[in-house]
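One chain, chain A, links the two complexes that follow: it is found with chain B in the first and with chain C in the second.
Showing the complex of A and B:
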């Protein structure tokens, strides 16, 4: 245990001790620069939550810095509050601002988000310059030094140590945060937020939390900066500040906390060191920046993550063996896009332990029907119930939580995460607690799901390293980890070779044996006919036949519409070319 | 009431060159998904190139009109070369890297350009030769200066040419195809790299022309001028639905009008708060901009 702790945190301890020791040897000027560097590092840890973890590009992070500084400064100057009392107030104000800016923008694509945050940053800056209460362009002056138990912290050295303590606390808090389920949700969102939502991650809430937490962390630097300078100067919160804060994480390495320290040194301390370059300082900094991005786009100290500790053996449990039984009823489901009716009067009943397949030519409306059922698109008409509870109008993650999970036609895994981590994210459909590390039950289920599809040996490999067939199976494991009642498989055999198709057939049989209802979209007729209890045939959005496989294979309309035609046009094409 | 029309005229003028700059953001974003942060500085380089031409030729006597024409041509060619050159040297190697790397590189280029010009020309404002000096038309009590007329007419012509190019030529069609799907475009035999450079070239040419016009209109330029104008133009590009060229043009004019009316009726100190406030409000309700965009996403 002790050894474990030392390998895990030894690097940090060493880094902090070295930083603390350097403080003894620096002159006042260097100490001031060092304190500023640490203040930027705190800002960096804040924006690292938003940009590094959740992948939401924020170009106006200085706004939270400003809010922290002004709230604290005004409370001290106008209401004679103590520095320490203003801290929670500053943090709370920034968190509220995080909600204000986060909430209306959650639907936006990330680049639009960037410009909105930029606009927000400018709005805050211009507002404090224009208002009288904030001191206009002059800002606030006369902020007293921090006092601890009656002792005022005035020397640069004391202040440096004060900031270092703050930095260590923030570092520890963000370190704990990085181990929670929320952090896994963020990484999944960063990779593919729609897939994350569809398998049960409450993406909007997770994004909003990223804003709020990032803002709260970043706000800590505001009061510190006020105490260091004795003033709050609006020119410290320009767009350039936001850029420099962003550069701290990008130069250091996105999502990497040691990287933030390295980045802060380069962004704050390096320009100071370049003072000898005189007028060429800005240009040199700019060229260096371009150089770093080209040579080392992943950052100077990229994030290194510990593999998830999946148990070697699973404790036997009823959870997976006896899944919750479910019955899915879809009735008169229709969806039109403009004048085109993609699905008309789609009807599906699916009981626990059944396999129902939906087949039809490309464009028949199969995936549209699936997307309506899973809440990805809103149906124009119809009812969808699971065990009698309506699913219609629910957000996709709520549909998943209700017990209906899915895979995607064009495999959507989280490629920056490992195999086990991908499956772990699937657990959100079962339990969406955020502020704790993955539980034993989570890890146990991950292990069982991986065993189930035969990927246990690949647990710590990157999802992107897997072969095509394994990626398909990983998607199924991820959907199973949410302990669903119903699982929707969208063309799981697409692109699979005969052996893989055979394995898949057996896998579907075993999923059914667990008592899970399986809905399958598939083009491979032999696979469909051998695993299905019932088959639904779609053409141009209409259901043209429903029945047992044997009936379907004899149905003349189905043969005309689908089965009779070559499943794949290419053989004909080849034949024509040869002729 | 005459105030209103005066603000309208001023707003249209500002909108004209904001549109020109916004188009560059929009086009580049369309093909490489990059918020080209350095675009505002390209605009600034155009202003300085034009400044050099005007002061070299001189604007006295009959030289004013030829000098202005030369300034616009040289200014836009210079920015075209700079813009495409930067794209070739800095952005092309990063096309396969993560989006964010490209964006950070653009920030670096932006800083490098403004710092470079500062080193060459000094930090002080330069006053632009008043080539179109004083001339104006009065319509009632509304004043329309020659500079404004030239600026608006010239912008409209440039945008019309761009529109014809994009919709009527093979290269323009290829460019639109590239914006929709880079890989599919490549498979159709389109030389993607060359076309990307061409997009940067065209965007930069427009920005360069806008830079010269800005100088003629405001008669003051500095190394840092690209930042704020670039920000407003970029806002226009987003508002118009980035990648949507007619939408971008319209939004550029809209931002110009907002800027002018806000400055006139409220206070120029609050102009940017209003511009960004409108942006946030619009995006909150219409997440893909006022006029939509053509980004296809598959479920």
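Showing the complex of A and C:
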């Protein structure tokens, strides 16, 4: 255990001890620079949550720095609060600001989000410049030094150690955060937020949490800066500050905590070291930054993640073996886009252990019907119930939580995550808990799902490294990890070779054997006919036939629309046009 | 292996920090022998770098003159500089750097924002700081008597402007406009308060414009609606030029008086003939000071350029510090501070220098300038007694 701890945390401990020891040898000037570097590193850890973990570009992060500094400064100066009491207040204020900026903007795509955050940063700065209580453009002056047990922290050395303690605490907190399920949700969102939502990740909540936690972490630097300088100067919180904070993460490596430390040193301490270059300092700094970005586009110390510890053997557990039974009823489902009716009066009943296929030519409305059922798009009309509970109007992640998960026509895996991690994200459909590490049950299920589709050996490989067929199977494993009642497979055999198709057929049979209801969209007629209990045929949004595979194969309308007429007029037409 | 690479990183970070330590810790002659070091914190990078270079050059001219005359207490004076980059963060770092290098007194500064966090750092070591350019009242108000200035302070300029507008221009209704920057807002409020306290006139308008825009006609129309006898604009030159031009276009008749951040040639370029007769309150420039002619000559011969607006104040700051160190016969901060307070009517190039209890310079050293024949020329100032308005005579 001790050995385990030392290999896991020894590096950090050594790093902190060396930094602490360096403090003994530095002079006041270097200590002041070092303290500023640590303050930036804390800011960097904050923005790392938002940008590095959750992938939400924030160009106004200095706003949270400002809120922390002003709230603490004002409470100290106007209400004579103690520095230590103002800390939770500053953090809370920034967290509230995180909600204020986060909530209305979460629907925006990332580039628009960047503009909104940029505006937010400027709004905060302009507000404090114009308010009487914040001292207007003068800012706040006369902030007393921090005192601990009656001793004032005034020397640069004492202050350096104070900031170091803060940094270590923030480092530990963000370190713990990086191990939670929430961190996996963030990484999934960063990769593909729609896929994450569809397989059960409450993406809006996770994004909002990223803002709130990032803001709260970043806000810690505000009171520290106020205590260091004895003043809160609004010119410290400009757009340039936001850019430099962002630069800390870009230079260091997105999502990488040691990277943030390196980035802070580069952004804050390096310009100081370059002072000897005099007039050419800015040029030298800029060239160095460009050089770093060219040489190491992923950052100087990119995030390297510990592989997920998937158990070697699964512990048998009854409730997982016995998948939850479910019955899906879709009735009179319609969806129009403007004047075009993509799906009209779609009907589907699906019982536990059944396989129902939906076939039809491209553009027949199959995927639209699936998207309506899974909550991705709102149906114009109709009812969708699972075991009698309506799913209509639910957000996709709630549909997934109700027991209906899916795969996608064009594979949507989280390519920056490993195979096992992809499957783990699928667990959110079963359990939305965020603030704890993946549980044994989670990891057990991941193992079982990987075993089930035959990808257990590839658990620690990157999802993007898999072959096409394996990627399809991984998507199915991910959908199964949520322990669904119903699974919707959207063209799982597309692009597969005959062997892979054969395996897929067997896999679908085994899923059905678990008692899960399977809805399948597929073009491959032989596959559909061999696995399905019933087949629904769509054309131009209309259901033209429903029945057992044998009936469908004989249905003349189906043959005309889809399976192909014996004398197909189209090739002649094509030939004519070509000629 | 991971912890090994982390340790490597820690060492790398250590290596990055070490040069900082090395370049900061050459604190040789801070004792009682060797050169007496006077620190000059100014912006040497960023937008205000040229002002910083100018101030630094003036400090060197003053030090050279002192050294040529035998130095102070038999020791030479050495000027050491630090870049405060006009920011609070860098200001604190620059202060530590100067103290590390053994500075016994500080003369300089340009942006108030950079000076504010530096003051307590010098204060704790009892190192006196003579400001040459930072006119923000708060600096000496909170300076514990250890902060001095050879320049004026914004509220004194405000008082001066108020006197000028009500005495000389006979205004009864005054509009005051600023741009919400530290300096402009302070000056505007000081002017407005002085007018209110004197009771001779009324402040009919006090508000800010948004700097950086191109159309100020709404602001001007708003001001015109208050029918002022004069409007005082305390912001910067870019907006002043536009205000003058657009005031002429709107056909508004009230005269516009500006603060000392508007005496820039940009105003004349922007406003053209609309700038004729424009008046600004300002600290006297080297060319307005007959006493500064020898300084201007030696500055030019050393640098090949004309001295900038704050050069004379920095020159006086170094000179007055040399005098105080000589009087104190010591480089001890507390002794030098005491000697600075004891100085009476020291003959500087900007006039006679004495400090009040706070460390501010006594008297109203401001003048007004006006635009004549397409350039700023000296206009009116108060006589030595501070009662009569007399013409400013060029150097």
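Everything that follows uses one rule, which is that the second predicted complex is superposed on the first by the 562 of 579 C-alpha atoms of A that agree within 3 Å, B and C clash if a C-alpha of one lies under 4 Å from a C-alpha of the other, contacts with A are read in each partner's own complex, and residues count from 1 in each chain.
Criterion: a residue touches a chain if its C-beta (ideal position, glycine included) is under 8 Å from a C-beta of that chain, and two chains touch if they have at least 3 such contacts.
Since the structure is predicted, the reported quantities are computational estimates derived from the model, not experimental observations.
> Could you look at A:282 and tell me whether it touches chain B, chain C, both or neither (first, second, both, neither)?
Once the two structures are laid over each other on A, A:282 reaches both partners.
> Is A:228 in contact with chain B, with chain C, with both, or with neither (first, second, both, neither)?
Once the two structures are laid over each other on A, A:228 reaches chain C alone.
> Counting only touches as set out at the top, which of chain B and chain C does A:410 meet: first, second, both, neither?
A:410 contacts chain B only, not chain C.
> Can A:132 be said to touch chain B (first), chain C (second), both, or neither?
It touches nothing on chain B or chain C.
> Let me test your reading of the model: by the given contact rule, A:313 touches which partner, first (chain B), second (chain C), both or neither?
Neither chain B nor chain C is touched by A:313.
> Find the residues of chain A that appear in the contact set with chain B and again in the contact set with chain C.
In chain A, positions 129-130, 279, 282 sit in both the chain B and chain C interfaces.
> Tell me, which parts of chain B touch chain A in their complex?
Spelled out, the residues of chain B in touch with chain A are 29, 33, 35, 90, 93-94, 97-98, 100-101, 103-105, 107-112, 114-116, 118-119, 227, 231, 234-235, 238, 242, 269-270, 272-273, 275-277, 279-280, 283-284, 287-289, 295, 298-299.
> Contact residues on chain A for chain C in the complex?
That would be residues 6-7, 9-12, 14-15, 18-19, 22, 25-34, 36, 129-130, 136-139, 141-142, 154, 156, 225, 228-231, 233, 235-236, 258, 261-262, 265, 269-270, 272-273, 275-276, 278-279, 281-282, 301, 304 of chain A.
> So in the complex, which bits of chain C are touching chain A?
Residue positions touching the partner: 2-7, 9-14, 16-17, 19-21, 23-25, 27, 44-45, 83, 86-89, 91-93, 96-97, 99-100, 113, 116-117, 120, 124, 136, 138, 142, 180-182, 185-186, 208.
> Which chain A residues qualify as touching chain B in the complex?
57, 104-105, 107-109, 111-112, 114-116, 118-120, 122-123, 126-127, 129-130, 194, 239, 243, 246-247, 250, 254, 279-280, 282-283, 285-287, 289-290, 293-294, 297, 367, 371, 376-377, 408, 410
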